[in-house]
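Both complexes shown next keep chain A, but they swap its partner, so chain B is in the first and chain C is in the second.
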Partner chain A sequence: MTVLQNLPRKKTEPVQSSMVIAGARPHDDQTEALAASIFRDFKSDFRYKEYVLGCINCGECTTGCPAARFYNFSPREMLQIAYQDDPLVLLDAMQEKIWACCQCYTCNMRCRFGNDIAGIISVMRELAVKNGLESAKEVLKPYSRILLVVMTKGTQVSPDMIQPDFFADWGPFAVARQTDIKTLRKAIPVDVLQVTDSSWEVSMQTSLELFQIYKEAGVVDMLKSIDPDLVEMIEDIVDEWREEFEEMKEKYGIGV
Partner chain B sequence: MTNPKFLVIGGGPSGLSAAQDIAEAGGDAILVEKETFLGGTPKKLHYSLLAPDMKPVEEVLDPLISSVENSSVRRLLGASVKSVEKKGGRFNVTIESNGTSVSESVDAVIVATGFSHWDPHKKYEYAYGVYPDVIDFKDFEKMLSDEKIVRPSNGQQPKRIAWLLCVGSRDKQVGKFYCCRLGCAVSIKQAMEVRRIHPEIDTYVYYMDIRTYGFWEDKLYWKSMEEYGVKYIRGRIGSINKGEDGRLIAMAEDTILQRPSEVPFDMVILATGMEASEGTLEASKLLGLEIEEHGFIKPLESDSMPVSTAVPGVYVCGTATGPKAIPDSITEGSAAAMKALNYVRRRTIKVPAGA
Partner chain C sequence: MLNADQIRDVLSERANARIYSDKKVHDVREEMWNLHEKGELVVIPIEQKNKPIEVETLFGWKKKIPTDYLWHHKSCGQCGNIPGYPSSLLWFMNQFKTNYLNEPHQTSCTAWNYHGSGTSNPIALAAVAVRNWYRAYETGTFPLIHCGTSFGDYKEMRKLLVENKEVRDKVRDIMHHMGKELVIPEEIVHYSEWVHVKRKEMASMVKMKMDGITATVHEPCHYYKMVPEDAVYEKDTNGGQRPAPPTAVVQALGAKVADYSTWYDCCGFGFRHILTEREFSRSFATLRKIKPMVEEAHADVAITTDTGCVTTLDKSQWIGKSHGMDYMLPVLSDVQFAALAAGAHPYKIVQIHWHSSPTDKLLEKMGFDVAFYKKDFSNYIEELQKGKEPEMLYKPHDEMEKYFAVNKGHVIMDN
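Moving on to the complex of A and B:
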């Protein structure tokens, strides 16, 4: 019966077969429920129809993909997974593979079918964060300080915050550049205030409004599943500011 | 009653076929050809053998050309139609031929203005025009008909050649959504031709689908493997780079092995798609014909009336309405001739409605 080995597996076999192919850990009912819920959210995302059109498997996306050269990652595979209807395979891809993408959008430039592959990968990433997947936690760990500043002050990351310790994959050039960042920053033609410890001052009111937007838009909830401590920290800071802000309003008789 | 007069624009396979059939049926045909010779694109670009019977293009087209030349067809070479005016059910046309202007009044017009090969410069990642060894398959066709297969960069015989299918076809990025229908067959035929003359040259075809429809499947696709040892890689070349030894490096994903592949080649041949020729677009403007979504002339009904147009008395055949093989173009030329003859007959003889 060796001849039949290459035929597709029978439907009666557990879904695990596809998971084994995709290299996943064995799953339980909970995993299956999570996969089903992510799958539902994914397929009903308003961007899905716009980004995933179809695929003629030409492989041009993978040919041009820088990540595919170094990792076990293929944009064509991601699109195929996005296009097909296997929740467990989708979940499995979201554990690790989607984080290999460097969002350079070369696949979009190449795709002769007009798919937005990098775009659909970012939708998968969003869902990974929203559902608090372990992989997402792992990937976002180095960014907690950045998130803290962005969410409290609304500003970009200040250059001093990006330290080589957090980025194991930084090459020697990136590390070398980091050492003299004050001088390098002076060469930037636009006005960056020539500082490296902060970007620009955002008023307290703006910060509070921004946080409100994050909250309403679901960003805070999304982060909670990834890093509850960070969210707690941010909320403490914002609460403190809010009190301070109310006191200021009272003191100057604004908006009473 | 004067003999009905027909204008056939274009002297390629379909135009020749239309003019020949009109003359045979006793009509007066004027054949206008832009070039100074008959035979159209296959002759102009020096096509070599024709798929799938591996017959030289001369063997297929020369009998048609000489039959037209020995008939009552009035041939205007190096000529083009400058203006068309529809008056009293007839077409008053001005034809410029070798600097002189000719005015004619015809009963019906047959448009057989053909196609042109898509320009692969627009697909920058294939480096056509950058590396001389990346060539278009129409250029390679000329090499084959000259029986001189050499690398344009150094004049030496290549050891390994790749064909890349669907360049400028089936590609939203360049606005060419359709299949050129012939790229697969012609590329496979070229690979077979190479292997026949030089069995020592390795030939690889990069494909996403092989569309050798009908009898071409066994006569080309299967035969190329069984008898000629042509190899196939399922995946498209996404970019072409140059290696240190001056050879080309074809970067692709082998979609069956599911891994990136980088193979050095001495030559890469791009199977470019078909698009409506300039002459086709000019003719559509002159005669007020509609252009369909792919840029070709729109037939009245693409399924039931493929050679009729929305303008009464104007018929269209060959690659002016879309990608087509030579036998199909010849058949359509005859069909257009028949429709045009019947159109004139209906107008001169009173035929009961519905006949």
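Moving on to the complex of A and C:
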């Protein structure tokens, strides 16, 4: 028995669609249907019950939030949106605000309820991608090379991504070394790091197993909503690798 | 003012009996072993050959840090743009005659994608984790996680696999389709914890001048905020109020650790932000981290223990000159700093030329003949360009390992 037992618990009755959260946009029937569908998936996700536990609007989360200092973003607001039952407000937050979060987990550590605010924002992002929301497409536009590498090699940043015209703000040292990146990579005394198109050399077996995971876990289908051309390209690459892999098995006399 | 013991008691009480919600913090490792007994999963044990050293975590729970027969779970960001980070670690392991595997049969945790862009899901993340862990398991080694995010993500995946039967069953199915088992390591261990427990041995190797060096520490969020109860704390370091690594390491090496007001802040990395919204990352890093480190603490160097933090704090500084913020504070990982202290080659081993913020002043203060090492490295580059074989920290993998993970059970550095 504690003194705080009388705090408001989670709402059980749905409330009318409201404009409580500033910035909600006009909507039509199609938008309402999409919002309702996302809302159902959101509330029924197994993580929801574990991540959203309650909120007294203390704002501890926002006080420590790096994104809140520079964006129109507040983890407190995100949690309130997750907590209430308003599909349109949820959809509206998914159009822009969720992408500001740094996923640093400072809010989680500060939250006295033990809410996983960064986690629930990840669930929102995942649903934005799955439902092919424009915000997700926009955010991921400059990300296609990274997605290609992560889907095929399972690594993210490759040395040859740091191109001078795109990373000029990193200064002359970051840019100058691009002049002979192959030799500089060769000068790293670790064999698997002596590549330029991936963080490290990833064996073909590993890449194929990774793609099998993505396929079976539904990530490939999820990405089709965002960038079907990219998925087609990835599938072509993987098909070619499968053929080469079979050839290599014969060459080396290996039954993997 | 509470002492370290009292603070730990307060934290434990708060975690064990959260009064605002029903969420309790419990040790997931107990249930993990129960599931192992029931045959639901296989725990990769820390054995005698791993030469474990025991440490304490936030609530005083015990954690075993294996120090031998290790499987390097590399970091995509480190290997991609801070290669001196892993090479310094491998260099130390060679000095200590540690047995290890550093393989091409690893993927990243892929959590960068999940946290950065939402382009993954819990099943995929958990299966990726288990596939990597299994590779360590089948080679008789224990995974050592280089990246802070992978470290945090893998602890989340461990919890998920232990607590959620549906996820566990699905991931086990995927593993079976690949001829693998559902395995979970007995502990999820960050490389900085290995460095932490080896710090006295590292300190005994110090050759350079360290007593005049002032360092500031940036504690990576994903090391201690994602799963707070598993981070290493010591009563004698930071008053038990902040994680012990890397402060204890820096102090053991003989440098001074200076405090600054924004120690708790994130670095501003933000996953996607560091690549496609850098105006945010560099503003936050410069204003909230680098500025106080220089103006309040008068630091010679910033030390941290994660990929994104080194990248963000290091790369974000140069553009600050356009706003009159010419700080140019060197940023290194703990293990790079330790390697330098032990006299490792700043360019061949510590690969310091990949960093954007200039390090010459720091190297000079530590007693390095910078011109000599620069010339030496420049000569080495010329030799490589002429076709000389590169110097290596271990025997390179066979050609066939570009395709197949075939060296099961064979540890490259087996002594």
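Everything that follows uses one rule, which is that the second predicted complex is superposed on the first by the 184 of 256 C-alpha atoms of A that agree within 3 Å, B and C clash if a C-alpha of one lies under 4 Å from a C-alpha of the other, contacts with A are read in each partner's own complex, and residues count from 1 in each chain.
Simple rule for what comes next: a residue touches a chain if its C-beta (ideal position, glycine included) is under 8 Å from a C-beta of that chain, and two chains touch if they have at least 3 such contacts.
Quick caveat, the model's predicted, so the values are computed rather than measured.
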| item | value |
| --- | --- |
| Partner chain in contact with A:G59 - chain B first, chain C second, else both or neither | first |
| Partner contacting more residues of chain A (chain B vs chain C) | C |
| Touching partner for A:R112 - first (chain B), second (chain C), both, neither | both |
| Touched partner set for A:A33, first chain B, second chain C, both or neither | neither |
| Which superposed partner A:V150 touches (first chain B, second chain C, both, neither) | second |
| Partner chain in contact with A:I181 - chain B first, chain C second, else both or neither | neither |
| Contacts of A:S74 with chain B and chain C, given as first, second, both or neither | first |
| Chain A residues contacted in one complex by chain B, in the other by chain C | 56, 64, 69, 109, 112-114 |
| In the complex with chain A, residue positions of chain B that touch it | 125, 166, 170-173, 208-209, 235-239, 251-255, 258, 260 |
| Chain A residues touching chain B - in the complex, by the definition given at the top | 56-64, 68-69, 74, 76-77, 109-114 |
| In the complex, chain C residues that touch chain A | 18-23, 25, 74-81, 83, 86-87, 90-91, 102-108, 110, 112-124, 127-128, 131, 152, 164, 166, 170, 173-174, 177-178, 221-222, 224-226, 228, 264-266, 268-273, 275-276, 278, 280, 282-284, 288, 315, 317-319, 347-349, 351, 353-356, 358, 377, 380-381, 384-385, 390-394, 396-397, 400-406 |
| Interfacial residue positions of chain A with respect to chain C in the complex | 2, 4, 7, 46-47, 53-54, 56, 64, 66-67, 69-71, 99, 101-106, 108-109, 112-115, 118, 122, 124-129, 136, 139-140, 142-143, 146-147, 150, 153-159, 161-162, 167, 169-174, 177, 180, 183-194, 199-207, 209-210, 212-214, 216-219, 222-223, 226, 245, 248-249, 252, 254, 256 |
